[in-house]
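Here subunit A shows up in two complexes: once beside subunit B, once beside subunit C.
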Partner chain A sequence: MTANSVPSKIFTPKAARPAPVKTTGAVAWMRQNLFNGWFNTILTLAIVVGVGSVLPAMLDWVFLSASFSGAAQADCTGTGACWVFINAWSQQLFYGTYPAEEIWRINICVVLMAGVLSAPVWLPHHLRNRVDIALLLLFPLVAVVIMDGRLLGLQYVSTDHWGGFTFNVMLAAVSMILGMPLGFLWALGRRSTSMPMIRSICVVLIEFFRGVPILALFFMGSVMLPLFFPEGTTVDKLLRVWIVLVLFMAGYMAEVYRGGFQAIPKGQYEAADSLGLSYWQTTLLVILPQVIKVSMPNILATAVMLFKNTTFLLIIGVPEVLNTAQSALNNSAWLGGYASEAYLFVGFVFWCCCFGMSMVSNHIERKLDTTRR
Partner chain B sequence: MLKKTAMLAIGLTAGVSLSAQAGTLEDVQKRGVVSCGVSTGLAGFSQKDEKGQWSGMDVDVCRAVAAAVFGDDTKVQYKPLTAKERFTALQSGEVDILSRNTTWTQSRDTSLGLNFVGVNYYDGQGFMVSKKLGVKSALELDGATVCIQAGTTTELNLADYFRANGLKYTAITFDTSDQTRAAFESGRCDVLTSDQSQLYALRIGLQKPDEAIVLPEVISKEPLGPAVRQGDDVWFNIAKWSLAAMIEAESLGITSKNAADLVASGTPDQKRFLGVEGDFGKNMGISNDWAKNITLKVGNYGESFERNVGQGSPLKIARGLNAQWNQGGILYSWPIR
Partner chain C sequence: MSNSSDAVIRISNMNKWYGQFHVLKDINLNVRKGEKIVICGPSGSGKSTMIRCINRLEEFQQGALQVNGIEMIDDIKNIEAIRKDVGMVFQHFNLFPHLTILENLTLGQVWVQKKPKAEAEALAMKYLERVKIANQANKYPGQLSGGQQQRVAIARSLCMAPQIMLFDEPTSALDPEMVKEVLDVMVELAEEGMTMLCVTHEMGFAKKVADRVIFMDAGEIVEENTPDEFFGNPQTDRLQLFLSQVLEH
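Showing the complex of A and B:
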């Protein structure tokens, strides 16, 4: 067989011409999104000029002429930021003045916390409800016992040494864990029609803790409350602010749940009644799961808010991360004015955590969204 | 119901008055540490280092009391307190001694249920200006914009001083030292006013410390001293004499270095101080070598001053009023005999 015997009538299309430059590639994208119209063009140019004039100086300050390595103020030789400051104080910024050789205990607590909070993901399905609730409620107790150390025969570390960023994280977590069920009880009480006394108490509690700024609550906890106790009985300052945080969280959560309750159709209650379920069975087995599902975005938003609010403890002298940063700034060996570095760092760490939390909350919301409304 | 509540209230009130009789010294000895209220962070007075160790003039008073009671200056539990909660913490018994940069004033001494035990630093409000201004005296500050670091009495003193001298001014108040410093540096104000000890700390933090000067005028008296709860004379005595012993040690020439040697070779004065002769500790309910322990562990007042705020520190504050009475200052301790 030779090539010639094959009829050469096969259709060979011409190579396609490239699409017009105007409609593809980066140029087209910019045309469509950045320069479509005179107004957007001006805006784009203004932003480019604005960013262009700030960014190089900022990058230079943060990275290029910054000092990174060293342990003392003398090592801050660059003209930019002095990250040596953060480096030297990092242990205190994260762990407070907890003894260095005992820091593993804080790490264990943080790992435990991550485990407990993510328990719904890794627990087998049939165990989830009961075990998870038990784990959550046990965690604050276990964390306190580990941090304190006396019950376990470890070195006793008094609450004066608890501090730093891990303390912010754990305080927020344990306040949330205790505040959520308490808030649910308050919300139930507020909805109660048969017990007016309970209802008024709940309304007063919710409105008080929601209506008073958290700073004022902290001041009450740290300055006023001790005067009410008989002299000689001092309640630990940390315990006092923890109680304040739990109650504050409960007040907010109660309102979040109330929104959730209102979204539950009346038919759900009637269906539960017709099955002969008791009040608590109806509430816990039928209503609560739906309430939590509906109010998940708000619950997580409130959690992020509470986490950030823990920095307010600064003003009553609790050594959380911002307070630690400020006392580091006042150390006579570091009087060079490193406030920008300190606040930028704290802001960055918080942003990372809050961003992570919102990613997780997005994931949870998608997972819970079974109705595809 | 009402009766029950009333009885409960009476019971609580009775409980308060009863437990007020307990002695602080016994409590402290039982607990094994002195609980000491300090500032959350004040350069040279109470500050934490990178390892979490406390140091400073105010901290040294806590250490001295611990050394007097236990012979060990590390048996202190530091409670960082803000300005607002400091007196409550002392009243409620959360701290045994408040050594937190607190000005000894008549109203505080008489109405807050506390007793000041002495003065560990004579401070006073002053002014810092930029050299460019060419100002040599605070009296030339008419019409100036003044940055104030919000304090309890700073603003009042400023208003008094300017009004008394017929000067006008505009005040800008800031909450933290960083903000005050930044405002001063950026030129938002011509003058910065605060306690002099703080002005030196703020000045070091400036980008160009040499371009600012602290004016000679001191417009207020700020005797800073530790305080204890009123009504416990045993504890009051211990705190008062722990501070006095630091000052007395300096005037007797006893330092942390030579104290051990002077036990054998010292003058009668020095031997009495070091507890070789007499029962001066016993009278206070603590051991007789209390003053020796203070000097050995903490040092005398001069050593503490130079280490924390003086030439041995970045602050480099001159002794000034805080020198001994025979050296041009006003420190004068009562004899231990």
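Showing the complex of A and C:
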């Protein structure tokens, strides 16, 4: 090795690379997410143009040119939406034709419902399971007694006057409360290997209530079911559609649980067996809580669907919120087309509730996640 | 080889099939009270299946099984009585993930043995002390390491005051550095005189605590002997081959 064979080691810097593109800040974010490539750039521009051409008119209609205060059609002076209509009919939209001086009873029911549904959050840990289940199962009964009033010595309000948005909410809630355990029993039955008879019955029930459209079920409940009752007996129409809703919910929930059951490892059953737990102890103490946990997103989706489906009761003349809105639209003092306002309002109220339910379910999911450290 | 008069587990001519597949072939085994038995063999040899038959996580089709004098028959009362005396520890721990460690340990006591909650918790804490994880009592299984979970699983079984403990590959799902902490608990348990049946590949553990080591292959008990003879003087080619493969590492 001679010194000559070593290549000369004179330092020659490479040309500086260009400064990096900024990767933080609003401009960088837009570059990364909205303008990365010609296709996304075109899409972004198209959306901006599309929204830009609609949004001003919409905002103008909803807010700027809208009339807000007043009590009669005459107060609809703006060129935009007339929210006076909603204002004037708000009591009916929320409470139906329930007597005005008795509306506090509905409010009590709604508060009770909120309390019962949120019980897992506020109940102390050691009371949770049993008390929670008792509260849930008691609520439908208590709500019916308060709304009806006779047992409490209050003014009797027949079910014809139960309506409005609060009614949609409560009908969905009590259907869920009863449909969820019923669906669990059906799901258990469907899994049973030792009782083929029960298994077949459960399969038929689940597939029937999942396979038939809910509107058809409502018609069956309101028109067909009375034909089967003995002559002279009348079962309240509301009770009949309620039963339909509960069974409908049960059918969907059964399938939701079935997915949950499949996610439970076999080892959980074996561990419970080896400890000597009985079938029902294993099912209720070990399996059910885990099934509910893994099924939580689907349970919520089903609950939201059921809640929105309560508006279909319009078709068979139950005075729920859409039905009330339509009566208001047809009222002679308010002729002139406030349909946009009415439906937008109903849509908004439903959206608020469903969005709230999503928030709550996210919270519950985080709470149930026992793997976080 | 053991006299059957004082046996707590008696298995005679046990046969089991999965469909056409003959998993257990004429198994005969008597286990005396306080005896420690290690069962080894290649995978698929039926060793897990055999011990799972003892508390009826698996059913067998032919033969007889007696635990503590109770005949294993298709009667829920007998099954429950046997399960009361037999504890089991699984490869994958099988703790209940929705319950805290303490609740995992009290569930069986409260619901099966109908003990008051305070008493159940006191016993649970005692066993958690013993497996050295009392400070984790209020955590959830998912927050513990594998070795800790397996120790909890052992404690959970012990809380039910079993007379016989079955271990189904208790260390196979553990990281190597966690195997020892679980084996330590098992050795301690063995020294206290618990009747134990362990399916395991931990040959060190077998040499240390086993009264008898059993080698199973293709659904039969091929060889059984004291650890010294078993490892020092294997009789059959099959066991020699197996040992050469297991002990090489």
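Worth pointing out:
We take it that the second predicted complex is superposed on the first by the 341 of 373 C-alpha atoms of A that agree within 3 Å, B and C clash if a C-alpha of one lies under 4 Å from a C-alpha of the other, contacts with A are read in each partner's own complex, and residues count from 1 in each chain.
The rule is short, and it goes like this: a contact is a pair of C-beta atoms (placed from the backbone, for glycine too) under 8 Å apart; a residue touches a chain by one contact, two chains touch by 3 or more.
As the structure is a prediction and not an experimental result, all values here were calculated from the model.
After superposition on subunit A, the partners subunit B and subunit C are seen to fit next to each other with no clash.
In the superposition on chain A, A:D160 makes contact with subunit B only, not with subunit C. Once the two complexes are laid over each other on the shared chain, residue contacts for A:L285 go to subunit C alone; subunit B is not touched.
Of the two partner chains placed around the shared chain by superposition, neither subunit B nor subunit C is touched by A:P20.
By the touch criterion stated above, A:L329 is placed in contact with subunit B alone, subunit C being left untouched. By the touch criterion defined above, A:Q268 reaches subunit C but does not reach subunit B. In the superposition on chain A, the chain among subunit B and subunit C reaching more residues of subunit A is B.
In the superposition on chain A, contact of A:P124 is made with neither subunit B nor subunit C.
Looking at the shared chain after the overlay, A:G211 reaches neither subunit B nor subunit C. Between subunit B and subunit C, the minimal CA-CA distance in the chain A superposition rounds to 31 Å. Touched by subunit B in one complex and by subunit C in the other is not one residue of subunit A. Per the touch definition, subunit A reaches subunit B in the complex via residues 71, 88-89, 91-92, 96-97, 100, 158, 160-161, 219, 222-224, 226-227, 229-234, 237, 315-317, 319, 323, 326-333, 335-337, 339. Interface residues of subunit A facing subunit C in the complex, by the touch rule stated above, are 265, 267-268, 270-278, 281, 285-286, 289-290, 293, 368, 370-373. Those residues of subunit C that touch subunit A in the shared complex are 55-57, 80, 83-84, 86-88, 90, 92, 94-98, 107-108, 111-112, 140-143, 153, 156-157, 160. Of all residues in subunit B, those touching subunit A in their complex are 12, 15-16, 19-20, 22, 40-44, 47-52, 77-82, 84-85, 88-89, 91-94, 176-178, 181-182, 201, 204-207, 308-309, 313-315.
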